[in-house]
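Sharing a structure here in structure tokens format.
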């Protein structure tokens, strides 16, 4: 599947391993991003539309045209339980591509949430439904249904490449994409990192300095750091 | 009244029909914007200063000068019960033109809220008072009282034309302006739209696809949409 | 101490008088900014990372390099009870320089909060810890530890000069800096202003117009304001 | 004609008096804006697409839909010699609505230039043709032809209201709109202002201070200005 | 090669067919973008650092770390005649990663230009050298050499995926990426499109309306367009 | 002199050594910024208002109020040959504080140019006069003369602290501030750096790689860089 094909819906996609997704769902975006080697983050203009929104699932991707949400309806049919819709657009556009009706439909088809590099509306309803949405904008402006995009092709959403079936995790810190093939390995790395952090947190809470815990004093001195009174 | 007259206060303005305003107050901004034919929205940089703020009322308009809130005090005297102050500025400026003292004054005069293409402060107090304010910025920076603007002339606020007496509705999705003369018709259209949406929502919740409910399959095929495996 | 010295940690700084800091902590940012003569505010892109965050304390300053939080660990050792870390960066950068581990360490050393002209992460944890942070961005992107900046030199943070030991106050309206030497005087001026406002608020709530309370009618007429019907 | 009517083309519009337009064309935007009383300017994100572009003419207005330039072709038919096309959009959109083919068509129909609150492309060709265009963006992204907007209704373009037939003047300093009915008066005021400036310029060039020429010393002293050594 | 591998330099990359690249170099970005089916454009914040800059060549990709240009030197060794360096960064950063020394080195190695989602400096020198650079920013701020990125892995640069060997074309209208495998086909489509445009241009210059040339009158009427006087 | 004093004009300021200023004028901003140790740069939103503008001189500082250019006239009287006016504002404001009349006055008083964290107008005239101006915006919007700021107090301009008498250098790469006391030392360091660069440039032009010239191969290998085919 090419990123450059418009007018295509791919029906059979390979979703990331369910157990790996479940394991990833236990970690925050910052932890997973570190476990990935500090890559895979979307731009930080992507924001939850209500406080407390978070989601982890497998991507069904959508490529939209500006001011046009036709492909969102096409995507609905491709959803399975555990999916998260990831919507990109062929140009920067903050129109309201999504609202409570589509949220109702997506949820009925099993979707867990939406990540969209565009605008959404009905955000009070979305909060009441607790249907997590991360978007670049909130905008009451509605859209038309006139031009084809695609469903389940690779897309660039908010600066990150998302292939259908990849794992997408979003919380208050941002949105991170884990390629399906790396899901288990990243989940394991996240687990190891978190275990490690618990111990560190306890030490720091007891007043131990990072300077000592991370053995920074020598490299700092070597780099030339000077203390003066 | 011209948009280009500085130093003017218009005292007698024709407010939108009270019953139409009351009816409009029952609908959200997204619904009303659709009922208007997808026009009349302010730019989506306008944000509520606290979660849950919403307001619907008749506009008393103010044209401010940058860094100067003198006309806000002049506007206070023109307020009647059910009004919403709509403040524009002769240039982009995010100074804090408004705070809890003016909110107290506006409320005492019957105003329901403020829409301002500028900055405001004392937002914690505004939240505690539950005095809804939608602004382009929050800013502690105070203003002076030195230069005339106008009250109750037509203004462009955040990209939308507002005439004194127009209905202004604001909620989490944005801010929309309904010309006084269209208020009843738009309220009726919003009501029809909402009735229609309730039915759609039920179908979508039951798993019916928008593709079928909106009869999109044929136009999509005609536009060339291809399904592949 | 020069603003232009990299690789320096100043250990002995003169903190603002504790009683003055305590007094300043009773007032909001908007009030203190007015009491300062409308100067000393940081840019209004600085936002609390959770609703309700507020802090008042003495500045320990940090100059960071882009994508590098090494100096945050160096700063931790310099903290005393009642301090607020104020972090600037040598270039605009929204990477996540700070998270829950550093917050744990800073709190263990007595710090009350963080003001950072950069990004932070783990914001859900920060909210749960109620560790107030004001930043230009939220970003899961982590940082390295490779290049020296400085601790406790004068910095420009979000447009405001902060000297170590200055008082920094932050709430929903923004962030203001009070030079240590001005702390008592500004606290007194803030107190006087607030007393004055209580009386005004009562009058305005009773329906008195600012036009009359502030004697604006005559200067408005003199400036040429015209009332029309 | 309402601002809120989509799908309308108004054929007969009243253009500003030709002599007044010709007179206005002799002055810069800054001068005309002052002559208007410091109102009527578009937002300063509007930029010439090549150095040296400037234009003055009567507005034929277009309301576009995002990502759709269908109405530009409709507008072409309504053009007369001396017109400037002023294009607004129902939502913020930087797609490339206009390029050298439309410029060729507009010029063939008598148009002098384009002001567009959107994107344009083929800017090298536009520079070679010396067809002045002022836009919010340059963007190679093409548009579709699917949804109706309107031609020759009042529009809000980059924050300024433009009625068909109004005079629009654009140069390196920005874009200003002069309502048709005010064209002669504003042209006269601009002329007076410019005459006045020539004399001032000579004095200032000779070293006379604005402080003295504008008699500012007394009001400055009264405002409290203090000179120290 | 994965997008997620840091610390890797791929030496043997497959460059697009030289004849196809040469053919593509004869067309502008807007034309090629249309020939691609309106995909493949970088974000329009990418700007030439001097007027008249344009370039077409095969991509050698670089993934940078914020504030660090170490990988630029690594990339220099991988350059061949006809290459264009395409540099992305792991986070948004406008530091000056590139200046006249690196331009001298790149040119000596055969490179034709640079596309960088970051800042550059020495822009006066770059103009004098006529070394075309398209960047998101101009910034005198220098960078360090401390952290590994990668060379010749797939990158997302200003919203577009670039694989090593792809064709990158940049001019005043923007920057477009043509996958190596599509180069010949897109070049042919661009040629066809341009031939087609020459004819259209002549007609439009003669006063023929797009309305007639493109047969728009009937679909416009069908869509409901109304002409009024 | 405090940064926080409004209503003050300091008449006697200590300007940087004239010979040091002259020497600094021979180097570009990027070179000087490196010679400073990579500090002292203004934000990169500061842009020349015409291509080719560059300036080097001693700062006369101005603190403006939003929408008010009164202090510019006050500053004119304090100018000496070789000065550059550096204007900051108490809040972000892009109004046009400066135009050709003030440029005429400043030049008559010996000033070489203007750096302003605000807007300017008459930019075509400024280009014709070759009076270099670096600003955050171009804006035809005029200002009033109503509120006191200060002249020759320390200011924060576009993120950099400027003390009266400091050296300010601006060119196509940006604006850098050299404290008066550091002028000679920085000029010497810039000279040394530039000499060094000439030699490097020749080597790079001859095809020597930075990898070898800077001995990067070993540290890169140590950092873990891997070459693959």
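Each chain carries a letter (A, B, C, D, E and F) given by its place in the written order, and its residues are counted from 1.
Everything below uses one rule, namely that contacts are C-beta pairs under 8 Å (C-beta built on N, C-alpha and C of every residue); 3 or more make two chains touch, one makes a residue touch a chain.
All values derive from a computational prediction rather than experimental measurement.
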Seminar exercise, completed: Label-sorted list of chains bordering both chain D and chain F is B, E
Exercise. So which chains count as neighbours of both chain C and chain D?
Worked result: A, B, E, F
Problem set entry | B-C or B-F, whichever has more C-beta pairs in contact | B-C
Exercise. Could the interface between the copies chain A and chain C be described as same, meaning over half of its residue numbers are common to both, or is it different?
Worked result: different
Problem set entry | Chain centre separation in whole Å, for chain D relative to chain A (CA means) | 42
Problem set entry | Computed distance of Cα centres, chain F from chain E, in Å | 32
For this session: Mind checking the centre-to-centre distance between chain A and chain E? Centres are C-alpha means, answer in whole Å.
Result: 27
Exercise. Can you list the chain B residues in contact with two or more other chains?
Worked result: 38, 41, 51, 90-92, 94, 139, 141, 147
For this session: Provide the full list of chain pairs in touch.
Result: A-B, A-C, A-D, A-E, B-C, B-D, B-F, C-E, C-F, D-E, D-F, E-F
Problem set entry | Of all residues in chain E, those that touch chain F in their complex | 7-12, 51, 70, 72-74, 76-77, 94, 96, 99-102, 104-105, 107-109, 119, 121-124, 137-142, 145, 147-148
Seminar exercise, completed: chain E contacts chain A in the complex at 2-4, 6, 36-41, 43, 90-92, 154, 156, 159-161, 179, 182
For this session: Spell out the part of chain C that touches chain E in their complex, as residue ranges.
Result: 65-68, 90-95, 139, 141, 144, 146-147
Exercise. In their shared complex, at which residues does chain A touch chain C?
Worked result: 28-30, 33-34, 38, 41, 44, 51, 171-174, 176, 197, 200-201, 204-207, 209-211, 214, 216, 220, 223-229
